[in-house]
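Following this line, the structures themselves.
Below, subunit A partners subunit B and then partners subunit C, in two separate complexes.
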Partner chain A sequence: MSARATGMRSGRWTVLQGQLRDRPSLVLVGVLLLLVLVIGVTRPGTVGPTWVANTILFAAPLGIVAAGQTLVMLTAGIDLSVAAVMTAAAYVAASQSYFGSIRAVILALAVGLVVGLLNGIGVAIFRVQPLIMTLGMGLVVSGVLLVYSLKVSPEGPPNVPDIVRTLGSGKVLGFVPNSALLWGAIATIVIVGLRQTGYGRLIYAIGDNPVACRLAGVRGWLVQLVTYVICGFLAAVAGLVLTGAINGADLSLGDVSLLPSVAAVVIGGTSIYGGNGGYAGTLVGALILTVLSSLFTLLDAPDPLKQILYGAIVVLLAAVYVRTAGDTG
Partner chain B sequence: MKAAARVSRRIPVGPGIARFVRRNAWTLGIYGLFVAVMIFTISIHPNYGPYEIESLVVGALPLAFAAAAQACVVIGGGIDLSIGAMMAVANVLAARYMLHHDFQTAVLISLLILVGGILAGSLNGLIAVRTRVPDIVVTLAMSFVWGGVALLILAKPGGGAPDAFMALSSGNLFSPWVPNGLLLLIVVVSLVWVPLRLGRLGLAHYAVGSDRTAAFRRGVRVGPTRVFSYALGGFFAACGGLALMMSTGIGSPLAGTIYTLSGISAIVLGGVSLAGGRGGITGPIVAAFVLTLVPADLILTGTDPNLGQVIQGVLLVLVVMAGGLAPLLRARAIQRRVQAG
Partner chain C sequence: MSKRRWPTAIGLMLVAGLLATACGGGNTSTGGSKKYVVGISNTLTGNGFREEMICSIKAQAKASGVVSKIITANRTTDPSGQIADVRNLISAGVNVIVMNPSDRSALDTVIKEASDKGIVVVTVDQGVTSSQAYQLYNNQVKYAQLGADWLFKTLGGKGNVVEMRGINGVSADADRHNGFMQTLAQYPNIKVVKETFTNWSLDPAAQQIKDILGSGLKVDGIWTSGIDSTVVDGYTTAKKPYVPTIGADNDGFIGQLINLKAQGLGGAAVTNPPTVGGAGLSLGLAVLQGKSEPHLVNLDPQIWDNVSSSGLSELQNHYDPTLNAYYSVSYQVAPWTTYTKADLIACADL
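For the complex of A and B:
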């Protein structure tokens, strides 16, 4: 904006803008590096291998849940039940750990699969708008969880299973977080899957033009259904990683992840109207948001102020993205 | 519009009443649902009287305003996920500044809060219009901002308001059967909504929500109209925050949050299309009363009150599924008739 105002409309600025438009992820990486630089300058000595490892550790749950959100948004949908699923998966795992870790983890993942399946049936078969379907499911899941928590509470306090704790907070060779490895594996599958498989290309196609897909003989409902199931599953995985990282579970564990899961996808350049974007951007988006909140923590900002700045910066980043990459709509 | 005209040429449009019913089927349905739930309530609670009506109105008032707020924004083609947070801001402002003041000052403060609500809503709208970031993202992020503002004003629940101000909702001026809250709701909504629907602005509001490009080509100023719909939403959200103050008696920075989600439930039940440009404001308000009555009935029938949220979610999804099936079946019927004739 300021460059335009000072009359540099032609020449280098236009070239730069064109470059940025072609590769919007460069802007994202720039923002990420800038934030890291700010932390490095304001709190010298903070940024180091341990800090990087911890940041990735904290970013992993967000990155995993945002992977599912990315897939759903590419089909022009949205999943607002991810926060409730994360909480439910974490709480179920913690409350069932008494009967064995494996069983607890399987039950927790089953929660994600079932909720995803119901979301998928509602959206893909009954054609309920994704916003309403997932909002309703979110209410149902957190309501059922409340009743469940009152039923199981006499059996003893929730206790995070050992496997989950190792997964969420353990580190390989004392340096690389386990959750980072899991996140890396999921990211690879999602990025390669979106590019290389027929299912991945169909996700883009459905989001871009559902009518053309139907006329081309694509079973769009099946693609949508599978996508919501994957999203529910990934949300459950993210819930487990989160509960392992903080070593505890309560009924509002996942609430804080709802806005970031949507924001990471949008900042990462995936259009909320579908058919445009990818997971690589979301990944950087999740890192940006995590570094941002660690910056606030380092600066010792009071909670309300932190919240205000966080919201404002999310809007700002999304606006910058829309401006450099052209209209995402 | 074009499609509707084509359809109406094929199937003869009935006389006025039939046409009215067909056009307002959903709204009439929600009125019917309200009457059914009310009859059920009275049947399980034979002593249903003025006191119960008063507590229903006082309980439903914040949600009714939240639904009106969301309806305004959604009809204009947007969605505002920060309505609950804006209600919280209005609520804590009222609680903090009305404490130990008389009725006149309280009314003056509420007028200022209403202006503040309009400004807050306009800010949401301006950001969404100017940055071209999708409405959902802008308002989800703004819900963090307004939530933070509410916490800055009042860190934990507290404050208060003069009794005369609270009586605006809970007392009764004319008859014990007509609580003030109901009159307040009717007066505020009709003062704002009726002139709007009769004027050009209301037409532009619906036109922009229905098809932004078409409205632009007809010469409607799309940007300002969208900002206006958000401003209207902010106004009703501020009303909701004040109603919350009247019903709970204290200010709480987190009390508003649930109203974002239940407000959306109410507008969807009340027949407002999330695609924009369709629906009215009375449907969502009646739906807000239904959504308040159902959990209360559940407690009366001995159901676990913790299941209230579950019921609300299931009700929302089922009603929308049913609503989605109706046009589908109608389209099939028309198709069959076209093929036959």
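For the complex of A and C:
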């Protein structure tokens, strides 16, 4: 092999790496397609329009909650109360459906807004460490929900409101899940909002260098506050979509989404130190995690092995991402 | 309860931990009859089964008429956290502790500490190796055997089944899996084509059944470890013909067995009463009152199918359309519990 050929190859690699750095989610899309291919090969006939629709249906709640998580993590924060908010919103909607669907949905969304506001006040104004603030709020929300479920809700059995069920499990033209449309709309707003609006740029700025922001006269606390409110709100929306997809609500419904909501963001290339990343990666991250769990359901392997593989793949993804995108976090 | 009492209730919850350590207890005498202080130790919150278990303890305490106070240590924790909780209950001066043990052997030392102080310890739902504890729980091996046997018989001893288990590594799941495998050994032509862990959570179970239905795998019957109505819902949404399904005595599933029978849903519910809590308290109070009781009470689960007329009438007798889908309809554990169903559902403190 001549030195010239090697040079060309390394030159191409540099170009490729450059492109990947510009569009890091391309790597993730590649991984996603690879996983789908594995399912297609191991279980021929599985991957089809219905499978795609179902996968998006189950990825949507995770994708929506991870949208809020992305915003918060871009400000160098984290929201560990999202799972409790999802559960609470779902449970409140189901238990209030007795009084009408609209009221149920409004109350459920209010849960998210209130918790988000409290998180925001704690983090932005009282400077409580986000991890501690949101962890504590999560426990408070779970406790209040428990009291609510025992003392208030027996006015009728929890029953998922019709509009929530249509939203979570209905399909347009019998194929496109309604929740996918909602998710698409939220994704567009978040992606465009982060790129095009002043608020979006401030999120990055605060995550990158809060001191410089303060010196530049930016009201950082307000940006943080708004971000936590949006995150709480999106968690409540995700809870509604989830309860609609499952057609049921219990006191631990959202628990399983907590770590995946953070994992989707990290796999998607958003730095846990803030200031770097975006929602496009998270979106693919949420799809990857959902396809991974499908893969493990369909794979005939012992459970411990599946757990090891799941953990290893998540770590590998994060590592591969850093190498190709050149982002050292 | 009106919504105005919320803050009080929340406040009470917040100080519960403080109470556990700060308040002295001991039996008090009122009007000549002895009154006892009850301690509850539970290590999983936000779980419908566990909440109903605690409610049954409160309801039985009220029904017994001999309980002056209940101190609850209820949080999601591990055996070491539970040991700390039980030590707090001991310091608080309780007379009887009803606990859902988080480990078979790790709690033996603290159970001994309590017993040495004359405190009666009753473990419910799961067993422990301690010889001092009184134990009352459902026979989980038999729970699985009853359901599996009904399913395999209904399939004519031939076909593909899916086993949807609980949480890997939990003793109840291990016992049930053993029972399932023992029964499976008697039916050589039944094949387990898929084994999943639902973690007793709705979301994973819903996703798994969607994946299985979408994979084109031929499934003739499903055995679930309790996340049942979600699985049936998966069939309904996918518009696939129902297959015989085994679940627990959850209200939603019982309702499906009754209401979807005409649409072709066959199945059976196996009892696994969370009200072992109230039964355990009843056992503990009897011991405190000097009665001689066995150290091990193993409850025999029952199976109610929607095919036989006797099974169907049991299902109809227990179904309550006003309850949550995952509320267990085993309201009582005869002969131990004496409360009313209304008291159980209200879950009121003393």
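Following the convention adopted for this analysis, the second predicted complex is superposed on the first by the 292 of 329 C-alpha atoms of A that agree within 3 Å, B and C clash if a C-alpha of one lies under 4 Å from a C-alpha of the other, contacts with A are read in each partner's own complex, and residues count from 1 in each chain.
Heads up, the rule we're going with is that contacts are C-beta pairs under 8 Å (C-beta built on N, C-alpha and C of every residue); 3 or more make two chains touch, one makes a residue touch a chain.
All values derive from a computational prediction rather than experimental measurement.
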item: Combined model on subunit A: subunit C and subunit B, fit or clash; value: clash
item: Touched partner set for A:L150, first subunit B, second subunit C, both or neither; value: both
item: Which of subunit B and subunit C A:T46 touches, first, second, both or neither; value: second
item: Which superposed partner A:L305 touches (first subunit B, second subunit C, both, neither); value: first
item: Partner chain in contact with A:I246 - subunit B first, subunit C second, else both or neither; value: second
item: Subunit B versus subunit C as contact partner of A:V218, first or second or both or neither; value: neither
item: Which superposed partner A:T297 touches (first subunit B, second subunit C, both, neither); value: second
item: Touching partner for A:S142 - first (subunit B), second (subunit C), both, neither; value: both
item: Of the stretches 58-66, 76-84 or 130-138 belonging to subunit B, the one that collides with subunit C; value: 58-66
item: Residues of subunit A that lie at the interface with subunit B and also at the interface with subunit C; value: 142-144, 146-147, 150, 303-304
item: For the subunit A and subunit B complex, residues of the former touching the latter; value: 78, 122, 126-129, 131-133, 135-140, 142-144, 146-147, 150, 258-259, 262-263, 266, 272-273, 303-308, 310-312, 314-315, 318-319, 322-323, 327-329
item: Touching residues (chain side subunit B, partner subunit A) in the complex; value: 79, 127, 131-134, 136-138, 140-145, 147-152, 155, 261, 264-265, 268, 274, 304, 306-314, 316-317, 320-321, 324-325, 328
item: Subunit C residues within the subunit A interface of the complex; value: 1, 3, 5-6, 9-10, 13-14, 45-48, 51, 55, 168, 194-197, 199, 201-204, 206-208, 210-212, 214-217, 229-230, 233, 237, 252, 321-326, 345-347
item: Touching residues on subunit A, where the partner in the complex is subunit C; value: 43, 45-46, 48, 50-51, 54, 57-58, 87, 142-152, 154, 156-158, 169, 242, 245-248, 250-253, 255-257, 290, 293-294, 297-298, 300, 303-304
